[in-house]
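What follows is a group of structures, each given as structure tokens.
First subunit A sits with subunit B, and in the next complex the same chain sits with subunit C.
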Partner chain A sequence: MRSPFAYIPRPRPLQLASPGAAVAYLGSLIVVAFLYSNPIVLLAVGLAVVIAGRLAGAHAAVRAALWMGLTLAALIVVVNALVVSRGETVLARLGEWPLFGQVDVTLEAILAGFVLGLRAAVVMVGFAVYSACVDPDRVLRALRPIAGRSALTATLVSRLVPVAAADAARLRDAARLRGPGAAPVGRAPLARRLLAGSLDRAVDVAATLELRGYSLEPHRPAAGATFSGSETSGKRCTRWVPGRRHQVIGRRRSRYDRRFYAVGLAVLVVAIVGKALGADAFSEYPATEIGTGAATLAVAALVALSGFAPWRRSARTHSALTKRRIASNSLPAGGGI
Partner chain B sequence: MADLATPSRATGPALHLGDVTYSYPTATTPALCDVSLNLSSGEFALLAGRSASGKSTLLCAACGLVPHFHGGEIVGRIEVAGIDAIAAGPGELAAVVGYVAQDPETQVVSTTVSAEIELPLEMRGDPPASRARAIEEVALALAIPHLLDRAVDTLSGGELQRVALAAALVTRPRLVLLDEPTSQLDPVAGDELIWLLRRLNEEWGVTVLLAEHRLERCLAAADRVIAMSAGAIAFDGAPGSFLTWAQGADSALETPAAKLFSLVGIEPLPVGVRAARETLASSGHRVEASRTPSSLNFFGREESAGRGRIAEKVQDVRGGSGSPSTAAIAVRDLWVEMRRGDDERRDVLRGIDLAVEKGKRVALMGRNGAGKSTLLRTLAGLTNAVRGKVELASGIALLTQNPGDYLVRERVGDELPGEPGTAALEIVGMAHALEADPRDLSGGERQRLALAIALAGRMDGDALPGLVALDEPTRGMDRARKEDLVGLISDLAERGAGLLVATHDVEFAAAFAERVVLLGDGVIIADGPAREVLSGGWYFATEVARVLDLPGVITPEQGAAALRQKPRTEH
Partner chain C sequence: MRGPGTAVALALLFAALAAAGCGLGPGSAVKDAELTVTRDYGTVPVLHRRLGDLTESDTVMRGLERNADITTRYGGGFVQSIEGLEAEESAVGSLDWFFYVNGVESTIGAADYALHGGESIWWDYRNWDAAMRVPAVVGSWPQPFLGGYDGKRRAVAVECLGGGSACDEVDERLEEEGVGISARPPSDAIRILVGPWARLRGDPAAAQIERGPQTSGVFAEFRREAGAIRLIGLDETGNDAADFGRDPGLVAATRRYEEPPVWVVTGTAEAGVRAAAGLLDAGDLRDHYAVAVDGGKETPLPLR
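Let's look at the complex of A and B:
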């Protein structure tokens, strides 16, 4: 069974875009998540990545990442509430705990934990959408000019998630196959084993990449032979058409690239300008204050709207529009019947 | 350096090692000890030796991974097609060397098969037209054109291995290094691969260095055998001489046909089936002409006129399997559907009827993708059936292809605490390793430990009433370790467990199995006693069976007994 985070080629704008454009778009949202602490903006970023993922068809990845991210967020809220006793609104006094000392659960610590957890969840969903929608083959090729001498770096960037996802599936199966008398597999040993195993296997994959000549100086393709390939990545191309420009997988452009670059840039500009104008108004202690000014709401609205960047006009809408255009073009001069 | 776009076909040694000694980082003993070797262009050499004898390290040194990727200390000189491998590293050697490692899962770096095969050509800067042609040609040569559009994470182990091989061969390298390339291939694909390598060797002049445990499969194709022991070269010579050497030096390296000849006292020892039959004929031992295997229970995939007779045979073969008290597992009309690619679904198992009795040892065989692993996973509840019924008498312990997946803690005792854990460790002969770190155990010990984890808590005193299923347990094993595993399987069966072992290894199946079930495209096409199923065929037959072609004779001991009984013909 395939991992929900595995890349699946689909004819959707985010998958068709070049890795640079997709990374610029998703990366800008993740940058905003790190730049802002205001929960309204963070919720807007979360909404944007969820919408982007669903429009790109990565429903399973979004669902799985949301589940994992929200579980982590809940854990962070609990830990922060127990560890941090700052804040004016004390909800419960739990007395002296070993290691923790005096434990007072405050509303401010819970909200601060919520913000930290929300940020972690948003980043996880963002990476899940990246993993499910950006072709690792194209990432690998795009990284070659930058990381050509380090196959390991390239492998970690492009293959660690798929390798870890495959390992996780196998480890889950093995955990289910343990006899009733064997020690149950706890989350911590499993996570440790998964991380160590995935890194080991990423090193092996990096060795294979070296053997494929990844560290050789990139060659320019010959001018004569060219091909016309479909936009969908990873497709087999055996029809060769002389005279057209050859584009290898890593350099293939998409008509959606400009859109993603533009939206990514706009998000960053809005976020930076908004930050300068005080849109990130938020303080945790001693009393929680969440900015809800016009600047905050405007940044949140624009960031949330950016989630629609991977939207593609459906064939039905497109054909209806085309018919309407044809109908309007075929009207007699003067427009009346 | 040679022009990367046109691989060098220069004369001179394809591979030269001069007094190479190498130690892995933190290792106390060297993995290669003073190894000197010259491999001429166009040679087909077989690298033999037990596990951990240094074969894989030698191959890694020849492709530059040692020391560039693994680190460690190296002394001596390594040249590949005139390039200093120690100075150059694997990237630059990629133009002249193709390497296929043991584990195919770590040898794919792309998401689709076509992208994977195209990658080395693209890295080398080949023009698109030649890339497309090379991909088509290598895909045709390895019989994988149907896989080109598939995602690599939907492929079986055998299919992955062929894709990795295609990626290694697509650049037409001068030297091809292969580390047990047939370990995950069925006998048909394994034989085809060896002869494909031979053809590449003869027609393109490609030098081949092939490390393999199943020597009977490739000895006849080799020009030369290099045997390694404890990191040093113990033998280097012609295949015939190697067999004579192995007879005295290490019987674990003997092929079944050579062992048969040794037992009967026939000389010279044969390097393949053809040579064995010729020698037998010339020495007066009459060998039957090849015949179609008519005595087997081969069940057609479609309903046929003979179906009623076949059904009776099925019942005969399965004996008392209908009795619920003796069956460890009973499967009726099992259908499993799986997704292939993104949307397409297909039936992987189609109406399987199978019963395994307690205390019986059954081999599950069939070509890659026939449904063996899926059947085992379905029995263990990892995969859901769309139709049919699985009745388990007392649970199932399944050991998958990667025993390491079962080991998540740093102490054996922590994996298997308490009395059930100790009992399971005793059953697999690992009670002494309670305090050991699983990572420090040998491959065979890790496999036993993983099996103990699967068995823990499923025992009834010393008895083991359920089904024990093993999926391809002999991957990367030498013959000595296989013999240990045969002993373990027999022991488990004696304790009352039904054993169902999916394997491609015909010789291993002959050694342990009483019964063989042959799967083909999701249906059982043959089911019968091992001595019948593994004799009289072309591919799913042992080397001794192919040499003698006598019904029911599959092991060297049985063959020797048969030859001693048969009257010799006069010349």
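Let's look at the complex of A and C:
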């Protein structure tokens, strides 16, 4: 079964954009979530990532991340309420607890826990949208010139983990299919078998990498190399030119890249300027004070609107508009001249 | 399936929680407390309130928050400003808010300091370059003798070290305030040492005064000059600011490590000790860190 967070290629702007643009856009929203504590802005970031995820078609990822994130948020609220006794409004006194001392549950600690949980949930949804919408292979390919070995390791891990999960599922199915009379198979034997299998796979992968020359120095064309046509490496199209190095003749950029870079930059600029103007006004203790000033509301509104960056006119709307444009361009019966 | 067993278990759980002091709401009411906010070693009053709505869940921070306009830092554990007076690091020095409960500096934060009712809470905004720690002050008289410190009432011992009639006066002043004096005080008793400085300086806690305000928190020093002991008053920066006359007295409080606070009612000679004993009332000590007396004139310390 496919994980809800697994990348699925879709003809949507976020998936079509280059990894740098998608990371810049989603990263800017996550940065805002870490930069701000005001719950209005955090809710706006949450709204933005949910809208972005849904517009990118990552419904399952958003749903699963929301479920996980809100569960974690609830846990954080409970823990914070029990661990932190600060705050003015005492709701309940739970007596002396070992390690904790006197436990007073305060409204402020619950609200502070809610803000911490909200941040965690927002970040989880942001990463879920990234995971479901940004092609990991393209990200790794983009990283290869910077950190080749790390990129290779990450590539292998990103392949072997799902393979191990699939192996585990197959082993469980096989154990179940032996029938009700068979002795139950515990987790330990399954884990042992899985480990042995993964070691076999690792040896295979190592042999394959060796055969493909991964252990050798990267190939560099000699001076005076002859023309051998064009070659596509990653997002660049390069061409051998006699007596020259690789010559970049073009970049395969998505037409959505500029939009995502611009929105990401705008979100960051608005967040930083807003922070300087006091848009992050929020105090947890001793009394909760949530800033609702113009700067806070403006930052929240702009951040929430940034969630529409992956928007694309639907095919139906697009074709209807095209038809309308054709109709308006054609001359009426009888001529207009 | 839920049965009567579940109901009994739940009833027992709630009974246990109630017995352990658990319950909804902030708990029952406790006695009133007193809140004083000053700046510059108590010289400028900022506000004074009677805290009449205290409950058993209240802390110093909750009491302050309800009665003053404050801002906090570090997750609400550190008071940054009270009534707009903000902690700062400037050319003048390091200015911060410090609090005393019953005249004793707390070793824990205001948010964790539980109030039990009857306390005298004093917040002071001061420059702490000369003395980062002033462990005890006299400005909450008759505390800590009446209500103790760290949430516990303590025995009080008056140690007469050649104080003569001043010792009797100290006893009387304490009794007037309703403080019982222990004949055989335990080791955690709050002590008042009464006598001339030449006798008191043998006490390890009192001897800290000779090592300056950085050690004792007292902005006064006794110095031996030309065979005579002199009392020198210091200013906020710890520099000499006044050389008191021939027979001055001093009332000050200090504390050695985590031992109980020690008050000194002393002077360079017996007349000074008697004058110092005469200062033991709320009118003379109120909101002062320490007080010197010379020729009948009281001088709060540190000097400005």
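Assume the second predicted complex is superposed on the first by the 227 of 337 C-alpha atoms of A that agree within 3 Å, B and C clash if a C-alpha of one lies under 4 Å from a C-alpha of the other, contacts with A are read in each partner's own complex, and residues count from 1 in each chain.
Please note the rule applied: a contact is a pair of C-beta atoms (placed from the backbone, for glycine too) under 8 Å apart; a residue touches a chain by one contact, two chains touch by 3 or more.
These figures come from a predicted structure and were not determined experimentally.
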Subject >> Superposition-derived comparison: subunit B or subunit C, residues of subunit A touched >> reply: B
**OP:** Give one of first, second, both or neither to describe whether A:Arg170 is in contact with subunit B, with subunit C, with both, or with none.
**Re:** first
**OP:** Determine, under the contact definition given at the top, whether A:Arg201 touches first (subunit B), second (subunit C), both, or neither.
**Re:** first
**OP:** Applying the touch criterion given at the start, work out whether A:Met68 contacts subunit B, subunit C, both or neither, answering first, second, both or neither.
**Re:** neither
Original post:
Touching A:Glu96 in the superposition: subunit B (first), subunit C (second), both, neither?
Top reply: second
Original post:
Of the two partner chains, subunit B (first) and subunit C (second), which one does A:Gly87 touch, if any: first, second, both, or neither?
Top reply: second
**OP:** State whether A:Ala281 touches subunit B only (first), subunit C only (second), both chains, or neither.
**Re:** neither
Subject >> Residue numbers on subunit A that touch subunit C, as the complex places them >> reply: 84-88, 90-96, 102, 104, 108, 283-287
Original post:
Tell me, which parts of subunit B touch subunit A in their complex?
Top reply: 4-5, 63-65, 68-69, 89-92, 94-95, 97, 99, 101, 103, 105-112, 114-115, 119-120, 122-125, 127-130, 132, 135-136, 148-149, 151, 153-154, 167-168, 339, 342, 377, 380-382, 397-400, 402, 404-409, 414-421, 423-424, 453-458
**OP:** Would you pull the subunit C residues touching subunit A in the complex into a rising list?
**Re:** 17, 20-27, 55-57, 61-62, 65-66, 70-72, 75-77, 111-112, 114
Original post:
Can you list the residues on subunit A that touch subunit B in the complex?
Top reply: 2-3, 6-9, 135-137, 140-141, 144, 155, 159, 162, 166, 170-171, 173-183, 185, 189-190, 192-193, 197, 201, 203-216, 218-222, 224-227, 234-238, 240, 246, 248-249
